Structure formats: C-alpha cells, structure tokens
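One structure, as structure tokens, below. Some questions next.
Labels run A, B, C and D following the written order; every chain starts at residue 1.
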Amino acid sequence: MKDHKGLIVNNIKLNDHYYLLSIKIDDDPKELGLAGQFYELKVKSSQRFRVPISIYDIHDNIVDFMIKDIGKATHELSLYKKNDSISVLGPLGKPFTEAINNQKCLLITGGVGYAPLNYFKNTFPHATITWFHGGANKDEVFPADRIYTNDGSEGIKGFVTLDLEQYLKENMVDRILTCGPRIMMKNIVQIALPYVKDIEVSLEEYMACGIGVCFGCAVKIKNGEDFLYKTVCKDGPIFQGSEVIWDE
Amino acid sequence: MNRLKTSLGKLSFNNPITVASGTFGIDYQQFYDLNLLGAIVTKTITPELKKGNPTPRVYETECGMLNSIGLQNPGIDEFIKTTVQDYKHFTNPLIVSFSASTIDEFCEMLTKLEAIDFIKGYEVNVSCPNVENEGLAFGVDEKIVYQLTKKLSELTKKELIIKLSPNVTDIVSIAKAAEEGGASSVALINTLLGMAIDWKTGKSMIRRGVAGYSGVGVKPVALQMVYRVHQAISIPILAMGGIQNYQDCLEFIYAGASMLAIGTSQFSDPTLPITIINDLKDHFDSNKITIDEIKGKVWGIA
Amino acid sequence: MNRLKTSLGKLSFNNPITVASGTFGIDYQQFYDLNLLGAIVTKTITPELKKGNPTPRVYETECGMLNSIGLQNPGIDEFIKTTVQDYKHFTNPLIVSFSASTIDEFCEMLTKLEAIDFIKGYEVNVSCPNVENEGLAFGVDEKIVYQLTKKLSELTKKELIIKLSPNVTDIVSIAKAAEEGGASSVALINTLLGMAIDWKTGKSMIRRGVAGYSGVGVKPVALQMVYRVHQAISIPILAMGGIQNYQDCLEFIYAGASMLAIGTSQFSDPTLPITIINDLKDHFDSNKITIDEIKGKVWGIA
Amino acid sequence: MKDHKGLIVNNIKLNDHYYLLSIKIDDDPKELGLAGQFYELKVKSSQRFRVPISIYDIHDNIVDFMIKDIGKATHELSLYKKNDSISVLGPLGKPFTEAINNQKCLLITGGVGYAPLNYFKNTFPHATITWFHGGANKDEVFPADRIYTNDGSEGIKGFVTLDLEQYLKENMVDRILTCGPRIMMKNIVQIALPYVKDIEVSLEEYMACGIGVCFGCAVKIKNGEDFLYKTVCKDGPIFQGSEVIWDE
C-alpha cells in the first residue's frame, strides 16, 4: 500500500454511464494488487474523502478501473485524459481467496460489481469459471455466460438470481463470488447457502480513511450470537456471505 | 537550531505537529516514520469494548465531514494488551486518549494506564455522555470538568490534557475549570454537532442523525475558541479543527496554540502531517522565528 | 396549484424563500421585483443609532465569511421615518428585525413598530449583549428568552419570530423557552462565533477579533439545530445558515423548516433568491409534492 | 447597475504583475459607467465575495480593467482568455466629480491606483490634466507627467509626494484626484489641503455585497465633531479627502 502518483494512459467510454480508466503506476507490478482489492483515487470534487474503486485488471504496471458515472467524483474521473496525473492510494483491503486449479467458481455480479470479478477471472485462468451478470438494462451488461436485465433489453429478463437455485440444483459449484447491490448479494446468500458454503461477497460502505484507522466503513459481522463491526477497507471488502449480518 | 521545538505542560516535542484522536492509527506507518511526528495521540478508549454506531457513519460535506463512529474501540484491557504495544518503540511522546461515563470510571482507567511507562500523557475526552448528569456530556458543565480534572490530576504526574467540546455556550469557563482542576494543558476543538440529509430522498446521510462535524468548515470556530481560551488561561493549548496546511498552523499559533493536531485532512493525504512539518520548518527557518516568538501574538484587534 | 405555499405561525407566504437579516437591503430591487420573495426581512435595528464596529468588518474564509458589522443602523426612529417607508408598497409580508440591550427597550421598540400597519411580523434578534445580565447575549439564557418572549407576545398579535443564536450548549431548551413564552415561530441560526488571522503577519482579519461566521461552512450545524429544534417544539421554523441552492433548501425542509432565508450567498449572486424559488417550483411541480408533505420528514435515523 | 454576463475580448500582460483585462458587456455603452466607478467580478477562487475592480477605460461596449496580480482572485483573473465568459456586476459606486472645461486637475496615483484616473483623463479631454504617478519600482510605473519610484529604477527616486508641496506653491491647481495606498492619500491630503480644497480620494475596503446593503466596507467620515461610517461601495469609493478620518 502506497500513495502513488499515477499517470492516466487511457480513458475509454464504454457507454453512456461506464468507462474504463487505465492508470500507470511506477511500482513493482507484483505489488499492484490482487483481485478484490481496490484503490482510493484522489479527485478535486471530493476534497476530504477519496473514491474507492476496485481493480478491474492489471497488465504490466497499468491498473485498469471500470467506473460508473453516478455522481460528482465518478463524473470528474470520466473527464480525465491521457497524461493527466492522479494520486492513487493502494492496493487496499483483502483480496478474494485464491482459486485453486479447476475449482468450480460461480461469479455473480450486478452492474459495476462486474469489475473486481473480471480481475479474478483473469488472475486464475485455470479455475473453472461460470459467470452470471445482471443489470437494469443493456447499458449495464458486460460479457458473461448468462446475462440478465431487469427490463429485458438484453439477455434474460429478470434479476440475476432468477435461475440461481435451479442452477445450483443442477450443477456442482465449489465457490460463489459476488459483487453488486447489497440486496442482490443478500438474496444470493439466502438462496445459495444451502448448496454452497463458500460464498465470498464484496461489500461497500462510505469510506473516510480507506486504510482501517477511522472505523468509518463498518459492516456488521457475526460474532457468535452477537455481532461486531468490521471495516470494509481493511478487514474487507471481501467477507464470507454467511458471516455478514444482512438485515439492518 | 530546531525552531520547531515546542511543549505542552510537562512534555517537550521536536515539532508542533501531532494527530487528532480517532483519525489516526498505527497503519500510517506504512506511509512514513511515525517518529517524525511531534507526538502520537491514539483513538479514544473506554472502560469496556464499544461496538460503535450503526452505519452510515461517515459522510463528506461541502466543507468537511460528519462522523458518528460511536467510539468503537476494544476497551481498555484489550488496548493495553495489544493496541498500545504497537507504540512501545517509538521515541516521540505517546499520548493516550480515553473517556468514560462516570468520574470513577475515568479514575480507574487512568490508574490502569499509569502502569505503562511509555505512555507519556493523557488526552481526556470529555465529549461523552455523563450517566450521572442526565447523560449530558461531561464537557458542557464547568463544575464537572473541574471535579473530573481535579481527581485525575491527583492520580498522575504525566501530561494531563483535557480535550474540550466546542458545543458549549462558553468554552472559556470550561477551559478555566480544567486549568483550576490541575490540567497541564487543554486540547480544542472536538467536533461540532452537525447533520446532512439527502435532498433527493430526505434520508439522513448518517444513521444516527446528528453527528460530529470536522474539517476546514470548522476552522474559524476552532480558531476563535483557541484565541479566547488562550486569552483566559495560562496552560498551553493543543489546537485542532480543520487544519489543512502549514498556513493554518500559523493561524492557530498566532491565536495561542503550542501544539497542533491534524485530523480529517489526513484521510485524503496520509503524509500530510509530514508535509506540514517540513513546510513549517522552512517557514520558521527562512523567517528566523521560533514558535514561542509568535505564539499568541495575534494583533490588530481593537 | 402553488406547491410552494407555506406559513409561519400567523403569516402565509407564496413561497418559502426570504432573506437573512443584515444581508439584504432595498438596493436588491435593482436586480429583481422584491415582491417575488416569500417575505422580506430587514436589517436589525436598535433603539438608538449604532455606528457599528471599526474595520475590517468582513472577510471571506475558505468556506464562508466573517462579519463584524456591529449592527450599524440609524436607530428605530429614523428607520420608521425613512428606511421602512421604502417597503410600504410591497405586497409580500414585511418582517422587521430588532434588538435592544434590556427587556424594557425591546418592549418599547415593539410598541413603536406596532403603529406601522404594513409591518406584518417581527424577528427578534437575541444575539446582542444583555446589559442586565453581565453583557451575556439574551439568547444564551433560556429564562431570559422566556421572559422577553412573554412580554413581547403580550404586546402584539403579529407574527413574533425569535431568532436564536447557535453559540449555546443547548439550543433546544432555548427554542422551547421561546415557544413557551408565546413566540409564533423561531428563526435559526444566527452566525457562529469565528475568527481568521493572516498567517503571514499574525494580524486579525477582522478588527474586533472574534466575528460572526456564516455561509456554507455552517450548514451542517444549522441543519442539526433545525432538526433538533423541530423534534422538540411545535411552532414553525424559519431556517438559515449556508443555503446556496434549492437542494440546500430541501435539506432544511426535510429537517423541519417551514421557511428559508438566504444570507451570505446573495453577495456573489444577487438574484440567487429568485433562482432558488424557480428551482424549488420546478422540483416540487415535477415531483408533485408540497412543502407540508415533506416538512420534517427526514428518515433513516436509528 | 446590473449583473452582466461579460465576455473576455482581451487579456494583455503589461508586465510580471499587471495585466489589462477587456470585457465586452451587452448594454448601452452610456450605461457602462463613469470614471471612479467599479465593477465586481465573479471568480471561482472567491466563492462568497466578488472582486472589486475600477474601470480603467471604456470604448464602445468594452470595459477595460487594469489589474495587479496580488492574490488568488487577481491571479485567477490573469489567466482568463479571450471568449471566456465572466459575470460582472456594475457599474458600482459614485464617480469622480465631472471636470469642467480647462479645470486644472492634478492626478496623483500610486501603483494600480492608476486605473480609475486613466478613465477620468480619457473622459475629460478638455480638462487641463497633470499627472504624478509613483510606484515601488519600474514595474509599477505607467505613462504620466512625472514618475516616481521608491527604488529609483525609473523617474525620480522617492515617494510620489516628494515635490508635491513645492509644485502646489508654484502652480495653480483647481482639484486633486488621487487613488493609491491609504498612507499615500493621507499624506497628499495633509500636504495639499492648505493649497487645494477639492481633493477627491478613491478608497478601498474589503467588500461583501458591493451594493450598499451589508455595511461591510465602512470608512470613517467626519460628521461635525463626531464621525459616522459610510460605505465605500455605495457612498464611495470617491470621497472628499478633507472629510475622511485618516487615523485609525
């Protein structure tokens, strides 16, 4: 983890809402991060907090981020151009557990939750990966084995969890890895836990420090009969779905 | 010559920059050598483990941030066993912040901490609810601040800093009470009470509703309080509230601060305390002045 | 349908936007038709002419401004003779702000103002020193706020707004005192106490040293106070503090405000109140909601 | 007085510190202002207050401003480019009294105080004008009949008031008009008042509203034995030097 001076090498518009920002970081490529980890990007429109963005991919010493323009910071980032410099703090957080060879991994993502799993897939070519991806409409859709949209504008009409139970009944799955809206992940855990114990979820919370000192980004994690608050930025963002307290 | 030398009542520091309780943790050592700080101040601990408040707990506002962490901490015993041990080998002074809900609890905590020789001072957080006084914060009542400080000062020879809440009608009388009670310095300001609402939906941006407001937006208030308190008491002041750069530090020193803490501003720039130390050094060296020479020397007031 | 209709205790308004006392004058009619405002609030007047404070009196900070005008005004008699006459022909409600240094003086002023039929309401500025109470501001003492409000409410049937100072430990108890005393509404917040110093020279940027802090930096504090006061009293609230756009207004309405005043933000944008009225109209129309439907309806707090 | 949407038509660097900003304003040229009046320019670096700048010249519907880069707002303005738009509020304040034909006017200016008198000179070609200008060094110097610099780098070495008394003894002067540092104007009034009753000074104060409503920009003006505060932005910036209370 370092506060790097990054250099924008590319910023590609994917559609009206999504773009792919590529940042060159002068550091040992092996130190640039693992699937599930994220960076905190410094922007002008957010002076106090940085913007947490997952690693979408890494090649050589270039880190790619897939970003959805939803507000002032993510909009500002959409305007960055080649050769602009940017301060990026990372890699932060705990990664997804490594995939062992041939492990049957089911990835389930919603919207921009696609990003960290993309890097997971690229990192473990020898795992057996099946990917369900869902979104509100076709702008929210990226390559996957099964596509779901709420409005039916692409793939299957419905939530990404539509056929999940059916699929789990019919297929052997070692692990599920998921990132997306909280309600989606909550449903996945509820549906899938009887079939698959190892469900890793990637959580989000508003962050201040990003490095585990302020306890701003707390999430409720089971602790026996009780619970305790863990930090998304340092203890997470990856947690076991069975350990998260979903009702709040 | 080290022009940045400064001190609080019983402690001397190589430079006037420390960190604000609750905004700092050992993790910052990944960014710089923590010995470079004038002092280290740890997050407030309490007698027992505190889980903290429900989320969202933090929110960025136009000019600062809101927090409602709820003093999440492992409790003093766990702190003594693990957290504080991380700071054992630093050579700059270690100041431990603590809080409780009765005067007796405060005293018990101090007694436990006294056993640890590498703790050099205490910052007493009096912004917490006092269960013996209708749950009002200790820090809003000058009589209680006096009583609390008096008891604590009898229990220790180490630096005893009372950290004041700004959410009071008259911070000067509270500071005086701390001085009379035997505090060796005061720290100010803790967070202002603030709030933010999502204008689209009406949802509170912080789960608890009312939260603590910090960052650059509180700076004028902090400066005003440091100035007024400095005019009224003779023990030194550890100042904080919205400091973003060395120029802000100079404002606070002119207002009367001996020592300065960086809080919120670290979040977007983890090495900021070090940048500020270096900038201050340059400023003091090139102007050939010392902190003591300008401390409290604000002028032009009539 | 006018979705912007709102009211304070005894007055109805075509829209919820007015101006903050002291930041407004008749000169704004060069920019827009003042009748477009929900109401007009004049600068605080006092029993006698006040010269005001030495300069510098205003200073822009990172997130707001400091002012130390010192209530410069021609005194009530001159105000009645000249200033207030400028407002005679406006059709929207005229609210006159006034202040004094004893309760009797407050009452005398009210009696004089009662004679003027086109004054529809009063905003009582209680942030001034009370000569009968060690020069402490009236607004910091709930008993005095109660007494003052009680006397004034017996003297008038017009809208009686008590404007609260935020520089208090517990604004809720002060607001309650105003309600019990018979106020028909409360206004908040007046300025926070703040300060700024030239870091290069140590000179106070305001001649009086401590000044009033306003603008966007105070918004979280204002919102918090409006929310807490709204939870505790049942008379309406005229809210202000850092409002810069219609989104800010919505935050305050969700927190409990019935009416909103624009202060500091007018200085860089004289037609801002009108822009905000139009934006609010668009927002309420396109969302098919009224002020009453969302007032005080902040949620997500646990 | 209006809040105009101005268009930058020119921004010329005069030297390291000074520049000439020309702004086109779509309004009746006759309404754009008189010598001694000023505008309040809206900048991003100063969100609450605007920047008061005197009219340096007006031709057709273009208003020229001479600006000295001394801080964040004036620096920002130095970077404005042709075709940028800018909100300008004005004209504000009371102008210098008109010059009647052949009236002998002595202009005395210091540094950027040159600006409003330049417009005065251009406005009244039939007045008989003599101009003393002073500055710290040659960067602060602009065309005038007599030039003074503190460091002697151009013109006469010394303050602009150096030969003033001598000059007034030897020459008939109807009026003095002055703009510059307060201490300069104070000295001018002290020296010149025995010779010339009509001394108009242009004062500065920090401003908030700029239009006379907030009483922020107060200056002490004599009122019999007593004084009162008048506003620079509405009652001024032009005052009779004999009426100003200089000692504070």
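Heads up, the rule we're going with is that contacts are C-beta pairs under 8 Å (C-beta built on N, C-alpha and C of every residue); 3 or more make two chains touch, one makes a residue touch a chain.
Just so you know, these numbers come straight off a predicted model, no measurement behind them.
Peer 1: Determine the set of chains touching chain B that also touch chain C.
Peer 2: For chain B paired with chain C, there are no chains in contact with each.
Peer 1: If we look at chain B and chain D, which chains touch each of them?
Peer 2: Per touch definition, common to chain B and chain D: C.
Peer 1: With chain centres taken as the means of their Cα atoms, state the distance from chain A to chain D in Å.
Peer 2: A distance of 60 Å separates the two centres.
Peer 1: Give, as an integer number of Å, the spacing between the C-alpha centres of chain C and chain A.
Peer 2: So the centre of chain A lies 47 Å away from the centre of chain C.
Peer 1: Mind checking the centre-to-centre distance between chain A and chain B? Centres are C-alpha means, answer in whole Å.
Peer 2: About 36 Å, centre to centre.
Peer 1: Name the residues of chain A that each touch 2 or more other chains.
Peer 2: none
Peer 1: Multi-chain contacts in chain C: which residues touch at least two other chains?
Peer 2: Where chain C meets two or more other chains at a single residue, that happens at 54, 64, 216.
Peer 1: Quick check of your reading of the touch definition: is the inter-chain graph here a line, ring, star, complete or other?
Peer 2: Shape = line; chains linked end to end, path left open.
Peer 1: Mind giving me all the chain pairs that touch?
Peer 2: Pairs satisfying the touch definition: A-B, B-C, C-D.
Peer 1: Please name which positions on chain C make contact with chain D in the complex.
Peer 2: Of all residues in chain C, those touching chain D are 22-28, 30-31, 43, 51-52, 54-60, 64-65, 67, 69, 72, 215-216, 264-271.
Peer 1: Along chain C, where are the residues that touch chain B in the complex?
Peer 2: For this pair, the touching residues of chain C are 54, 61-64, 66, 140, 167-170, 192-197, 199-200, 202-204, 207-210, 213, 216-221, 223-225, 227-228, 247-248, 250-251, 254-255, 294, 297-302.
Peer 1: Provide the residue numbers of chain A that touch chain B in the complex, in ascending order.
Peer 2: Spelled out, the residues of chain A in touch with chain B are 1-3, 42, 46-50, 89, 205-219, 227-229, 234, 248.
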